[in-house]
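After this come two complexes, each holding subunit A, first together with subunit B and then together with subunit C.
Take a look at the complex of A and B:
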């Protein structure tokens, strides 16, 4: 256990992250990378991109509140140090996605009103379930909610978005690849730290299972809204622009309908929840399906 | 030790296993760990990707872990990108897989 916790050092984070994959980046991407003209010039595509980016900002603001709030609830110094690095990672994510909103034309004095306007209420509910645990300084439930459920969801969402953007938007794909690298550490901490703590606190399992079920419901409702109400594909068809053929989970995203994409993502995330929770001894609870 | 293969017990190796093969690792462009460890990891390229005898996928973060030595069931390996300690097992498909050791 001592060796395991000793990996959570600031030095290790410095060498991997700022001196590693973030070296020579500016807001997560190369200095000369720009958003594609079509996203900036077409009002429907620009609005849909702003709407999608707002959900990323909302999710990352939740992750920032949760990781910073869990520092003082952590039972050991190494976990506190890891959560301090995660707090900076999450703050960076908030910043890079917020900066993307500015790149898409959102004015600084309109930022909060744009976020309030587009924030998906189901995603806000998802965040509230987690932040309630954090407010109670419940370390085990908080880390499962943050580093397994929220980060597990983010890991899959970012990978899908990376597959969609990599052929057509190098700037945003670059930003996403840095956040995916961060998420690897976060999910690793969630599983490894909680995997040992849950064995010592088996009485926490039922509460954690209820939380996972509730968070999963709000997550699925968010996915449903995000895919079913999206006008991007119709607009691309109208413009005669061919969709990018990124591949995710063996599927060609360039031929799937929005509903099919929603199902691929939901199935992937729920399967990951089941596997990750199973590994730490928590029984996955199937959520109700949103209408 | 910088190699992810951190422990093994060749005495309990599978029958007919013989000597472990050695591998020279090249840089795969993986940049999520400090420079001196980068050659020990690569990104999983999805469907169509295949693992070499010295490679195993981390089930936590999906990165491919690479050793300078052939991997075998029972080996203990370390995944630096997500800081997971793993044990190599032979999966139902016959392929090597890694299980997390908490």
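Take a look at the complex of A and C:
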């Protein structure tokens, strides 16, 4: 275990993250990269972009609370130190997505009310399931919920958003690429560290499976709200602006309907859960489908 | 995160809220640490020659480093626990940078123990830890668990950090080259943490002076543990009586800057 955890040391983190892919960035992107004018000038597009970014801030705030809360529950020093780097990664994500809200015109004194207004209640419930485990200092369930379920979801969402933005918004795509690199490390830690702990505590499996099923339900409900209530495509059609043809999981996002995009994302995340949970010896539970 | 092509405003010219937005950010942290951590491996330059102490000096250094590890573990657990009760995003982000700092300190100190030939640094730390320091750690975590923000910040970012700052500063002046470099990097971080504690509590005390009495009580509960730790560590790092007194004075001055006289 010690050898595997040495790959997750603070020394490795310093070399790969701040001195690696974050080099020469400011708030996650190059200094001269800006949001596209159309997002800033068109009120519908701006509001939809703010709404989407708020969900990222809410998710990252949950990840920050969870990773910092898990430090005191970690059974060994090396895990504590990895979680220290993850805590800082999550705080950086909170910071860069918060700054995106400022770039989109949210005033600093309105930040919290904007977040409260747009935060998806299903995403808040998703976070509550995880934070309940963290509050109980349940390290195994907490790491599965945080580093496999939450981070697995974030990883796929960011990848899809990256595919959507890469052809049209270099600034946000750049911000996302740094967070994706972080999430990949977090998911890797979860899989590697938890597998052995599950073997030592087989009695935890059913509780973890229930948690995954519940979190997955709230995640799917969040996706449904995010895609079905989104006015972006209608507005682009109205403006006569062609959609960007980013590719995600073999699909052209420029031709899919919002429902089709929702299904591609949901299927991808759930398949990832199944694979990753299988690697740590936990049986994936199919969640109920939100109405 | 290094290339800023536009000149930045001098931070002390900023309005208070903008100042906090700047100095509590990940960006600010990164620029600060990059200056002294870039190119280092486990807290020291890779080409620094190791001249480790031998015999009883080595034993004393190992005991000292073991107790530093306990202090840093307390700080890591304290800072991470404080994120949950931090009153706003900026203090949460700052504490996240502190969590990474404390995790780094623990890592470089454990590595130094390994370099000195300690086969199992973590169990050695437990074996050699001072009862006063362990008690301090428990008291700190109780304050965090009780969600008392001011008392926990006071214990963590003023008392513990001031103690570490004073001890590391003195130790660095007579340590072997690698231990010195490791400690000098840690000291630079501690200065930032103490600044946060002073700023956060200074503002709170200005608006709510009644908090002072409660923090005075926390100090009186922790002071004897701190002074006991100071005496033990001073003995182990081999400083003379005069230097021991100066060490105590440095610690007291940091705490008294906030108006908590003994």
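The working rule: the second predicted complex is superposed on the first by the 291 of 291 C-alpha atoms of A that agree within 3 Å, B and C clash if a C-alpha of one lies under 4 Å from a C-alpha of the other, contacts with A are read in each partner's own complex, and residues count from 1 in each chain.
Rule of thumb we're sticking to: a residue touches a chain if its C-beta (ideal position, glycine included) is under 8 Å from a C-beta of that chain, and two chains touch if they have at least 3 such contacts.
All figures in this text were calculated on a predicted structure; none of them were measured in a lab.
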Original post:
Can A:222 be said to touch subunit B (first), subunit C (second), both, or neither?
Top reply: neither
**OP:** State whether A:81 touches subunit B only (first), subunit C only (second), both chains, or neither.
**Re:** second
**OP:** Classify the contacts of A:188 with the two partner chains as first (subunit B alone), second (subunit C alone), both, or neither.
**Re:** first
**OP:** In the overlay, answer first, second, both or neither for which of subunit B and subunit C A:9 touches.
**Re:** second
Original post:
Which chain, subunit B or subunit C, is in touch with more residues of subunit A?
Top reply: C
**OP:** Answer with first, second, both or neither: which of subunit B and subunit C does A:250 touch in the superposed model?
**Re:** first
Original post:
Is A:280 touching the first partner subunit B, the second partner subunit C, both, or neither of them?
Top reply: first
**OP:** Quick one: classify A:156 as touching subunit B (first), subunit C (second), both or neither.
**Re:** neither
**OP:** In the overlay, answer first, second, both or neither for which of subunit B and subunit C A:196 touches.
**Re:** first
Subject >> Overlapping contact positions on subunit A, where the subunit C interface meets the subunit B interface >> reply: 19
Original post:
Once bound in the complex, which stretches of subunit B touch subunit A?
Top reply: 31-35, 46-47, 59-63, 79-85, 100, 102
Original post:
For subunit A, which residues are in contact with subunit B within the complex?
Top reply: 4, 7-8, 12, 15-16, 19-21, 181, 184-185, 187-189, 191-192, 195-196, 199, 247, 250, 275-276, 279-280
Subject >> Footprint of subunit A on subunit C - complex, ascending >> reply: 1-6, 17, 21, 25-27, 30, 33-34, 37-38, 41-42, 73, 76-77, 80-81, 83-84, 89, 92-93, 95-97, 99-100, 102-104, 106-107, 110, 122, 141
**OP:** Within their complex, state which residues of subunit A touch subunit C.
**Re:** 9-11, 14, 18-19, 22-27, 31-32, 61, 64-65, 68-69, 71-72, 76-77, 80-81, 83-85, 87-88, 90-92, 94-95, 98, 108, 111
